[in-house]
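First chain A sits with chain B, and in the next complex the same chain sits with chain C.
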Partner chain A sequence: MIEIKNVKKSFGKHEVLKDVSLKVDTGDVVVILGPSGSGKTTLLRCINFLERADEGTLTIEDQTADLHTASSKEKLQIRKRTAFVFQNYGLFQNKTAIQNITEGLITARKIPKAEAIAKAEEVLDWVGMSDKRDYYPSKLSGGQQQRIGIARAVALDPDVILFDEPTSALDPELVGEILGVIKKVAKKGITMIVVTHEMSFAQEVASKVVFMDGGVVVESGTPRDVFYYPKEERTKKFLERIIPQDQYFI
Partner chain B sequence: MANLFSWERLWNIIPQLSPYLLITFQIVIIGLLFGTLLGILVAILLLNKIPILHQLLSVYISFMRGTSMLIQMMVIYYGLPLLLNNFGIDINGLDKLVFVEITFILNYGAFLGEEFRAAILAVPKEQTEAGYSIGLTWSQTFFRIILPQALLTALPAYGAEAVSCFHLTSIAFTLGVVDFLGRANTLGSASGHLLETYLYVAFVYIVISMLLRLGFYLLEKKFSFGREGVNN
Partner chain C sequence: MMGFTLNNFIESLKSGLSYLPVTAKLTFTAVVFGILFGLLIAVLRYYKVPVISKILTVFVTIYQGFPMMVALLIYNLLFSFYIGPIIQFFHLGIEVREANNIIVGYFALSLGAITSMSETLRGALNSVEKLQFEAGYSIGLTKFQTFTRIILPQIIPVAIPGLINNLVGIIKGTSFVMAIGILEVTNASLIPCFRTFSYVEGYLAAALIYWFFTLLIETLLSVVEKTQKQY
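This part shows the complex of A and B:
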């Protein structure tokens, strides 16, 4: 179980997260939707301590950390229980595909090298990238890089994987296959929080959809509730813009 | 014409001059090696903006960049023993070559420090964040992810510094440390056979600089992380 409580974050005078709370059951896939600038990325970054929240707590299973005051030790512990899939892949440019995956296993988690390599090879195969094992990121397409990015996260065996718009930097024709890989991750039963604009993906995979706007959670519920029976005016307006009308009532 | 140049004299000069190359190499290798380590340290300290230390570093770098190496060597040669004397450390018996090497280390530490700082800043911040996200500490991220990429960026400028280093070693002569070029100067003027002497010196420097360029080219190729002509 992952629980985020009362997260607040401002950049200078700009209040980006205004008291956001969110609960994710183990094995659930939570999709976060919302217009650009609503604070979705910032929320994920606060969970992973890439951004220091002004207030709030995070509970992962038995561990609770204060998102504002956590010590560097706690920060590191939380980071080892979470993984992040970046919009721009975030692969280490000086490491090959397999090294990108083994780095966290060997250096951060102190897993023996042979074991880490075996694990990485297994995951590489699982995302269909075995033949690119020794390629540097600069030699891979965006879609291939994101497969490695996902493999890197999965190999760490985290309590939760945070996806920040994992397909929005990709060429449109590649989006489908990467969403396919992310669905495979979901089927493994890994807990996930996914920020995405891909509605059909959300509908198919999400256990819960959360709509954020202006730094607050406006509405949340099952995909069916949020997409077909939105209660809030702001949710309706957003969905009208993002879902083509002819698809809306299918 | 025959008096101006003779092959025989050239052959005679080679064994008289060549041993002094060792001194030159010693200054360059120690200067660059420890200068590089110091440069990395300087870059890290510059980037962390630690109060007071940051101001001290600025003064150090301005001095190293704003004065000639000869002046720096003099300041170190006469100043360092006085400074250390205050702490009860006596270094008067130290080999003069050590002062030359300290000068080179401090000078290259400053120049390379600035170079590395810029190269580290040029690594996208997502690389650091990706490191943190998989649970690496700051130092693991820095030394395993950021620094290798920064060093690759700095490599061409670094190669140029290494070549220039060879030409600067002759300042050691001022302290009475005779290196390759210093020996050539004395030998040339004493014997009057300047042409042969400097032809040989030029030949050696050309070979060294070609080897260095080849070395850095291979290094760049090996550590390009799959990118071709990153630095071209």
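This part shows the complex of A and C:
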């Protein structure tokens, strides 16, 4: 179980997160939707301490940390229980595909090298990238890099994987296959929080959809609730804009 | 009339070459300090360590506009003023006139190397995307691990051309220390000239030695550089 409570974050005078709370049960896939600038990325970054929240707590299973005051030790512990899949992949440029995966296992988690490599090879195979094992990221396409990015997160065996628009930097024809890989991750039963604009993916995979706007959670519920029976005006407006009329659910 | 006498030229060349170790030592020392402390300054400034980074920014900015020759003369002056009291204070048991001011040369060149190399390394550091750091943190690496395992290996290939440039500047800068009477390549090349007045030969000999030394080092380093770019 992951629980985020009362997260607030401002950049200067700009209040980006205004008291956001979110609960994710183990094995659930929570999809966060919302217009650009609504604070989705900032929320994920606060969970992973890439950004220091001004207020708020995070509970992962038995561990609770204050998102504002957590010590470096706590920060590191939380980071080892979470993984991040970035919009722009974020593969280590100086490491090969397999080294990208083993780095977190060997250096951060002190797993013996042979074991880490075996694990990485297994995950590489699972995302269909075995043949690119020793390639540097600069030699891989965006889709291939994101597969490695996902493999890196999965190999860490985290309590939750945070996906920040994992397909929005990809060429349109590659989006489908990467969403396919993410669906596979979901089927594994890994807890996930996914920021995405892919509605059909949300419909199919999400256990819960959260609609954010202006730094608050406007509405949340099952995909059915949020997509078919949105209660809030802002949600309706957003869905009208993002879903083409001919696919409109209502 | 300025003629050119091969014998005098060769004599200057020999004399200059016999002091190449001095120039090489000055260069090498400055480069080692330059890379170590230059990296330290670049890192402290990059991570915006409170107070220290501000002080370093001011220092580097000001020092970069400070001519090497003026720096040398000032340090040498300070050295000659204070070496007596220092020897007394530490009971070094040596005579003032025995104290070798080559330390002033080492100091001035090292400080110059540190500031210029810190700028090169900071530039290389700035060229690394923020995402590389964040990806490191996200998989649970510490700041230190992220820096040493992810960032540093990426800035080395970027920094090498600039560092080689700095190094060439340092080699040329070593000739300034003749101004405070240290015998190095330039000064030594001119020794025979005091007797023969063959200054043209002396200066040409010095120039040739620097050219050769620079070329040698650049060639060696370009080999290193080639092994670096694998990604």
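Going forward, the second predicted complex is superposed on the first by the 249 of 250 C-alpha atoms of A that agree within 3 Å, B and C clash if a C-alpha of one lies under 4 Å from a C-alpha of the other, contacts with A are read in each partner's own complex, and residues count from 1 in each chain.
In this text, a contact is a pair of C-beta atoms (placed from the backbone, for glycine too) under 8 Å apart; a residue touches a chain by one contact, two chains touch by 3 or more.
Small disclaimer: the values here were computed from a predicted structure and weren't measured.
J.: Chain B versus chain C on the shared chain A, clash or fit?
T.: clash
J.: So, A:128: does it touch chain B (first), chain C (second), both, or neither?
T.: Once the two structures are laid over each other on A, A:128 reaches no partner at all.
J.: Looking at A:214 after the superposition, I want to know if it touches chain B, chain C, both of them or none. Which is it: first, second, both, neither?
T.: A:214: touches no partner chain.
J.: Pick out the shared contact residues on chain A: the ones touching chain B in one complex and chain C in the other.
T.: Common to the two interfaces on chain A: residues 48-50, 76, 79-80, 82-84, 86, 88, 90-95, 103-104, 107-109, 136-138, 152, 156.
J.: If we count contacts the way the header does, which residues on chain B are in touch with chain A in the complex?
T.: Residues of chain B touching chain A: 126-127, 129-137, 140, 144-145, 148-149, 152, 225-227.
J.: Touching residues of chain A toward chain C in the complex: what are they?
T.: Residues 48-50, 72, 76, 79-80, 82-84, 86, 88, 90-95, 103-104, 107-109, 136-138, 152, 156.
J.: Can you list the chain A residues touching chain B in their complex?
T.: Going by the criterion above, the answer is residues 48-50, 76, 79-80, 82-84, 86, 88, 90-95, 103-104, 107-109, 135-139, 152, 156.
J.: Which of the residues in chain C end up touching chain A in this complex?
T.: It is residues 131-132, 134-142, 145, 149-150, 153-154, 230-231 of chain C that touch chain A.
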